[in-house]
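In the two complexes below, chain A is the common chain; its partner is chain B in one and chain C in the other.
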Partner chain A sequence: MADYTIKVRRFQPESDEGPYWEEFNVDLDPSLSVLDGLLQAKDRDDGSLAVRCSCRAAICGSCGMKINGQSGLGCKTQIGEAQEQADKMKAATGVSAAAADSPIRGEGADAGSAGNPIVIEPMGNMPVIKDLITDMESTHWTKIRRVTPWLLPHGEPPEREYIVEPESMIDITQSMACIQCGACVSSCLSMEADPGFIGPAALAKAYRFVGDPRDAETHERLHDLADDPHGIYDCTHCFSCIDACPKGVAPMDQIMRLRRKAGEEGIEDPNSGHDHEIAFVKIIEKKGTLDESLLLQESFAPGVKGKLKPSKRAIREMLGSIPTAIRGIKTGKMRSLHKLIPGVHPKLPDQDDVKAIYAHAEEHNEEFNLYIKGEEGELAEDDVEKGIERSTAPAGQEADK
Partner chain B sequence: MSAENIKVAYWPGCVSRGFTPELHGSMGLVAEKLGWELVELDRANCCGAGVIAEHNQELADTLNARTFALAQQTGLSMMNICSTCQGAQSECQQRLDADSAYRAHINEALSGQGLSYEKGEEGGWTNKNFLWLLVEDYGLDRLREQVVRPLSGLRVGPFYGCYIVRPKERLGYNHHPDRDVYLEKVIEALGGQVVEYDGARKCCGFPVITMARETSLRQAGTHVGDAIDAGADCLVTPCPLCHLNLDMQQPEAAKVVNRDLGLAVLHLPQLVGLALGAEPSELGMAKHIASTRWVEERLTAGAPA
Partner chain C sequence: MSVGIISKVHPVRSHSNAAQGGINAALNPGDSWESHAFDTIKGSDYLGDQDAVEIMTREAPEEILHLEHLGVTFHRNEEGKLGTRAFGGASAARTYYVADITGQAIMHVLYEQLMKYSEQIARYEEWFCSSLAIDENGECCGVVTRNVADGRMELFQAKSVILCTGGNGMVWKPSTNALICTGDGIAMAYRAGAKLMDMEMIQYHPTTLAGKGFLITEGARGEGAHLLNAKGERFMEKYAPNKMELASRDVVSRAEQTEINEGRGFPDGTVALDITVVPKKRVHEALREIVLVGRDFAGVDITREPIHIKPGNHYTMGGVKTDVDGRTDIPGLYSAGETACVSVHGGNRLGANSLLDTLIFGKRSGRDAAARAKRIDYSRASKQVLEDEENLVADIIGREKGSGRRISEIKLELGQTMDAKVAVFRDEAGITEALETVRRLKEEAKTAYIDDHGSVFNQDLIAAIELGYMLDNAECTCVAALERKESRGAQYRTDFPERNDTDWLKHIDLERTDDGPEISYSEVTITQWEPQERTY
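Up next is the complex of A and B:
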C-alpha cells in the first residue's frame, strides 16, 4: 500500500463557477489503477465526484480520461506508473503536469521532486458535462455516424450468413479492436486545431468497412473521405492517437492505409493529398534526396512539364507561398539555384541503386503489420506446436462493437 | 556514460541541406567543438518522412535498410539530426528487426549493391538523434564542462517534434523513459532556463502544410504564441521540419492565429553551439526568418565574467 495525491479537475454544472482543481489523498497498492484511486476518493471523501466506469478491465471503454496530460483509460493505468510520470515531468520542468496541460492553474504545484500530485482531467476535444464525464455525442458519435459505420453490400443478401475467407478479414482485425472509449479523439492534435476533422476513431472505423470484403462501396467511401477537407488529408501524422489507444488500434496507421487505398483507387482529391504523396515518391526515385521546391510545385501542379492544369486552389496556394519564398531568399536560407528552381536539385551519385530498390518494391508492395504478425519469438512454444501461425490475429481480441 | 570520444556515421537528412542549411553547418561546427568525429553518409537517401511508407511500406523499409546498411559498412552506429528521420527510420527498423524472413526479403533487394542490413544485438547497432546521443552517450556532465558561455538568463522553450516522442514503444522509451525530457535537461546543462508551455510535445503542423494549410498554421501559430505568453526568449528544436513551420512559416502562422508573433526558433546544435562559444553568425542564425537578435542581445548582456 502507498499514499498518493490525486489532483482532479472538477466541474459542477449546477454551480455558477468554472472548473477548479481538487486534491484527494488515497491509499492503495501501486499496481492498482488510477480509476481505483478515484473510486476510493469518491467512496471515502466526496460521493459527488463524477466518473464513468463499468468493467474496470479495459473492455467497456467507459473511463477515458487524461492522466498527467496523457489520454487513456483510468482502469488500464497503474497508479504507481502514473506517480512515476508525474515525478519525472516535475523534475524536468519544475512545473507539475497540471500547469503543463491546462489553462487553469491550481494550488499545490510546488511539491518536491517526489510525491507530486497525479493530475487527472476529463478527456480533451469534448465538452465536459460534470467532473470527468464528457459529452461523447458531439465530437465522437456524430463523427462515427459520419463515416457510415455499417456494411453496404450490393445485390441480393444471401439466404443465410455471408461466408468469407478468414484470411480476407485479417486486414481489418486491428481496426475491429476499437472499444469506442474516445481516448484517441481526446488526444488528437489535428482536432485541436480543426474541430471539424473527422478524427482518429471515426476514420479507423471507416477503414474497418473499407477493408471488409463484403462491402461494395469501397470506392465511394474512399472518395468521400479524400474529398472532405476535414477527412483523411487533415491528419497531421502526430502519433498521439497511437499512444492513447488502449487496444492497439493505431488509428493513425489506419488513416495512412485509407490514404494508400485512395491512391490505389486513383482518387484525385481537391486537397492535393494524393498529388503530394505521388510527387514525394517520384522525386526520391529521381533524385534520392528531397527537392523541396519541386515537391511544392508538383504537389499543386503535377506533371508541369507536359500538361499544366492546376486547380484554382492550387494557384492560390502557389501564389500564397511566394512571400515565404521571398523571405527565404532575403535571409539567404534559399539563396541557391537548386533551392529556387524546381528540378535543379542534384541527384545522388548512385541513384541507379535507389531506382533498383523502387523496381524491386513495386513488384511486391508487402505490408508488414506488427499488430497482426507480432515479433519473432513472441509465441510460446506450445502455441507453435498447436499449429498457430504468426499470421493469425493475437489472442484476446474483442468482437467488433 | 562512456568516456570515449564519439565517432558515428552521420545522416544529415534532406532538409538540413535544403531549406535549413544553417542546421547542417552548425552541426559540423558543434561536432568539432565537442571533439566528435562524424563520418557523413553522403550517398544515403531520403528517409521518406512517413510519406513513402504511406504510399508503399516495403519501399520505405528498403530505402531505409539501404541507409542503415551504408552506415553499418563504416562499422559505426548512426546519428541523425532530424526528429522526422528518427521516427520514420525507427518505424522501418522496427519492422525489419521483428522478422528475419522479411529482413532477408528486403536485403535481397540490396544484394545487387553489395549491401545488407543486419539486426544489431540488444544495445548494439543504433540510430540516434543528436539529442539522444548527446545525453545518453556523451553525457550531460561532460557537456557542462564544455560550456564557455552559459546561457544565463536565456529562457528557452523546448519543442521536440512528434516523431521523436511518439509512439513511445517504437522509440525505445521502455529502455530510456526520459527521452521526452532530454531537451529540458540539455537546456539546464547549458545554463539556460526552461520555459514550460503547452506545445512542447505537440505537433508543429508541418506534415499537412500543403494539404490543410489552416490546420497546419494554426498549430504552429498557437504553440509559438503560447511560448511567448509563457515568457520564452526562444524555442529550440531537434527537428528541421518543425523549424520550417515554426520559423519559416511564422509570419504566415501569425496571420492565421491573428496575433503578433516574432519568436526566435533555434536548431538544437545552434543552442549547444552558442553555449560552447560559437558566434551566432557562424551558426547561420542570420538565415532564420524570425529574428534571433533578442537571443544574441540576451547572451551578450549575460556574458560570463
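Up next is the complex of A and C:
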C-alpha cells in the first residue's frame, strides 16, 4: 500500500462554479489502477465525483481520461506508474503536470508539496458534461456513424460462411479490437486544429470494412474518405493516437493503410503522400540511402515520363516548395548543399543488404500486423534473414515509418 | 412496430464484451447437436432442462452463420472456413472465436447493425431502469426509467418488455464481472412478482487473477495450458484424469480450491496457470487479450512464466424463470441471457455457451414479444408507479449525511461475506450466517446516505438503487443454497457432499413475499438423457 494524491479537474454542471481542481488522498497498492484510486476517493470522500467505468479490465472502454496530460484508460494505468510519470514531469519541467496543462488559473502551480499529484482530467476534443464524463455522442459517435460503420456485402449471403483468407480476418481484427473508448480522439492533434476531422477512431473503424474481403463497397468507401476534406488526408501523422490507444489498434496505421489502398485505387492524394512514399522506396532501392535531390522531383513528377511531361500540378507543387527549401537552407535544416545537385549523392558501396531487405519485403508481401506478428515483431524474428536488422518499434508502425 | 433499447450504459460498454473465449455450435462436419446437447446437460449436472438445451444446440449453427454474415470476424482455418478451438466440458472442438475478444467482436457488430437500422430501433443510451409497471390484470405494461444524463424520470409504456440486464456478479467481491452487473433485471422481475429459479447456482470460474478478479479465458486451457500447484504438479490428473484442465468449470474450480485449502497452493492463495506450453505465435494470435491482461494487471509475461490464478465469481446460472420463448410468469414480461433462467445451464454452465444462450433466447424472446405486441392493445400503465419511484429517489437524496452507513461500505461487506460463505464450498452454518448478514444489510441500506444531490449523472443515486437490487439477489441465492441439501454443479455443500437425484433433481423456484422469498419446486425436463454419474 502507498499514499497518492490525485488531483482531479472537476466540473459540476449544476453549481454556479466553473471547472476547478480538487485533490484527493488515496491509499492503495501501486499495482492497482488510477481508476481504483478514483473509485476509492468516490467511495470514501465524495460520491458526487463522476467517472464512467464498468469492467475495470480495459475491455468496456468507459473510462477514457487524461492522466498527467496523456490520454488513455483509467483502469489500464497503474497508479504507481502514473506517480512516477508525474514525478518525472515535475523534474523535467520544474512545474507539475497540472500547471503545465492547466487552462484553469490558480491552484496548479503550487500543488504537490509531498510528492507530485497525479493529474486527472476529462478527455480532450469533447465537451465535458460533469467531472470526467464527456459528451461522446456529439463527437466520437457522430464521427463513427460518418464512415457507414456496417458491412455492405453484395447479393444474398452464401449458404454457409463467406470463404476468406484466414490472414485477412486476423488483419482486420486489429481494428476490431477497438473498444470505442475515445482516447485516440482525445489525443488527436489534427482534430484540435480541425474539429471536423473524421478522426482516428472512426477511420480505424473504416479500415475494418475496407480491409474486410466480405465488404463490396471498398471502392466507394475509399473515395468517400479521400474526397472529404476532413478525411484520410487530414491526418498529420503525429503518432498521438498510437500512443494513446490502450488496445494496440494503432489508428494512425489504419489511416495510412487506407491511404495506401486509396493510392492503389488511383485516387489522387492531395499531399502527394502515395507518390512520395513510392519515391522514397525507389530511391533507397537504387542508392541504399536517401538522395534528397531526387526526392522532391520523384514525388511530384515521377520517372522519365513525369519529367518530360510534368503535370500542371507537379509544376505548381515544385515551385510551391521552393520557399520551403530556401527556409530549410537558411535555418540549417539542409546542410549538404552540394548534395542537392542531382547525381552527386553517392550510392552506398554494398547494395547486397539493401537488396536482401527488398527481396524479403516482397517475398513476405503482407502488412505488419500486431495480431499476426506479435508485439515488437518478435514472432517474425525467425523469418528474418541474418544481417537484416529490425527495428523494435511496435510491429504495426513499421511499415509506415 | 416500435422497438426501443434502454441501456444504463452505452450499449458497447455492456458486459458481453468480456466473453473472451468464443461461442459453441455443432457446425463442423462430424459434430452433432446431440453431442453438444449432451455435453451441455452433463455440464449442467443434469439440472438443465433438456427441451431448452435441445433448442439452443439445434439453432446454434444457424446463429453462428448469421453473425458471420453480419460481419463478425471469426477466426478462419487454412481453407478460409470458420475454424474452431477446444473448450472445457466439450467432446469436440466446437468453439468459434475472434482471437480472445469474441464477445466484444459480436457486440460491436450488433451495435453496427443498430446504427444501420437506427430508423427502426430507438436507442436510449444511458437510461437506467428502476422498476417495472404492472397493470391491473397483472401484465407488464412498461418500465420506469431515469435518464442518467439529466435525471429526468419517465414511464415508458410497452406491450412487451424484455429484461436483458446480465448477471449479479457484483454481489460477490472479487468478481470477474463489470461494475454494472448488479442483478437489476433479476431484482426488478422478482419485485414485480415473477419467479426466480436456480438462484443458488453461481459459477466460480477456475482462472481469475487473485485479488482483482480479472478473467483469464478458458481458451487458454483450450489452447493447451496446464494448471500446476505450488509443487509443480499437474493436479487435474487426480480430479479429472480424462479431460484434465478441460473438465467442467465447477469440477476444475473445486479441484483448485481443494489444492489451495490443503496447502498445495502458493502463499497468495492461488495455483498457477502455465501458458508457456502453448506455442508463442499461437498465444499472440489467439490469446492476445490475455497477454495484455497478464502484463497490465499482473505484471506477468504469460508467454514466459506461469500466472497465479484462483477460482472467482463469474456467472449467474439462475435468474428469472422463463420458458423457451423467454416468457416469465408475468404476461408481457420476457427475459433472456444471464438475467434469465430457461434453464440451459442448470447447475453449471459450459464455457462458450453463454453468448449462445444470450443470442438464441434473445432472438426467441424478441420474436415472441413482437408477436404479442402485434396481438394486443396498449394497456394504460398507472402513473402511480412513476410517482413511487420519484418518491423513492427523493427519499434517498434527502437522507442526511452521516445518518447511516455509506453505500460503498455496505457493498463491500456484502461482497466479502458472499465470497467467504457462498462460494465454491458451502455449508449450512456459513450460508445461514451470510443470510443473516444480508438481511441486516437490507435494513442498513434503508438509511444509507449519498453525497450527490444533483440530477446530472448522479451515479451515487444509481449506486444506491443498485445496492437494493444486489441485496435482493443475495438474499435469494442464500435462501436457495440453504434449501438445496445436496451437491450438484456449482452448489457444493460440504455437509451434503453427494448429488441426490431422488430428492433434488428439481429446480428451486423463489417468489417474493413481504417475509422474504417463498420456496417452491419445479420439474427438470428430461427428454433423452437420463441422469448418470458425472466424471471427466
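Keep in mind that, in the parts below, the second predicted complex is superposed on the first by the 258 of 401 C-alpha atoms of A that agree within 3 Å, B and C clash if a C-alpha of one lies under 4 Å from a C-alpha of the other, contacts with A are read in each partner's own complex, and residues count from 1 in each chain.
Assume a residue touches a chain if its C-beta (ideal position, glycine included) is under 8 Å from a C-beta of that chain, and two chains touch if they have at least 3 such contacts.
In this text, all values refer to a predicted model and were calculated from it rather than measured experimentally.
Of the two partner chains placed around the shared chain by superposition, neither chain B nor chain C is touched by A:G18. Of the two partner chains, chain C is the only one touched by A:R214; chain B is not.
After overlaying the two complexes on the shared chain, residue contacts for A:A177 are found with chain C alone; chain B is out of touch. Of the two partner chains placed by the overlay, only chain C lies in contact with A:D43; chain B stays clear of it. Of the two partner chains placed by the overlay, only chain B lies in contact with A:H360; chain C stays clear of it. When the shared chain is aligned, no partner comes close enough to touch A:G155: not chain B, not chain C.
When the two structures are aligned on the shared chain, A:G266 is found in touch with neither chain B nor chain C. Within the superposed three-chain model, A:T236 lies in touch with chain B and out of touch with chain C [touch as defined at top]. Overlap of the chain B and chain C interfaces on chain A comprises residues 370, 373-375.
Those residues of chain B that touch chain A in the complex are listed here as 14-15, 17-22, 42-43, 45-46, 48-59, 61-63, 66, 87, 94-95, 98-100, 102, 105, 108-110, 112-113, 162-163, 166-168, 177-178, 181, 184-185, 194, 196, 198, 200, 202-203, 205, 207-208, 210-216, 218-219, 222, 248-249, 251-252, 286-289.
Across the complex, chain A meets chain C through its residues 12-14, 31-32, 42-44, 46-48, 50-62, 76, 78, 129-130, 133, 136-137, 144-145, 149-151, 153, 157, 160-166, 169-170, 172-173, 176-180, 212, 214, 247-248, 370-375, 378-379.
On the side of chain A, the complex with chain B involves touching residues 88-89, 91-95, 99-101, 189-190, 192-194, 197, 229, 233-240, 242-243, 250, 256, 259-260, 263, 271-273, 276-278, 280-281, 284, 288-290, 292, 296, 299-300, 317, 320, 323-324, 327-328, 331-334, 339, 348-350, 353-354, 356-358, 360-362, 364-368, 370, 373-376. Those residues of chain C that touch chain A in the complex are listed here as 9-10, 12-15, 17-18, 65, 68-71, 73-83, 98-99, 101, 104-105, 108-109, 112-113, 115-116, 125, 149, 178-180, 212, 214-215, 280-281, 284-285, 288-289, 291-293, 296-297, 299, 406-408, 450-460, 463.
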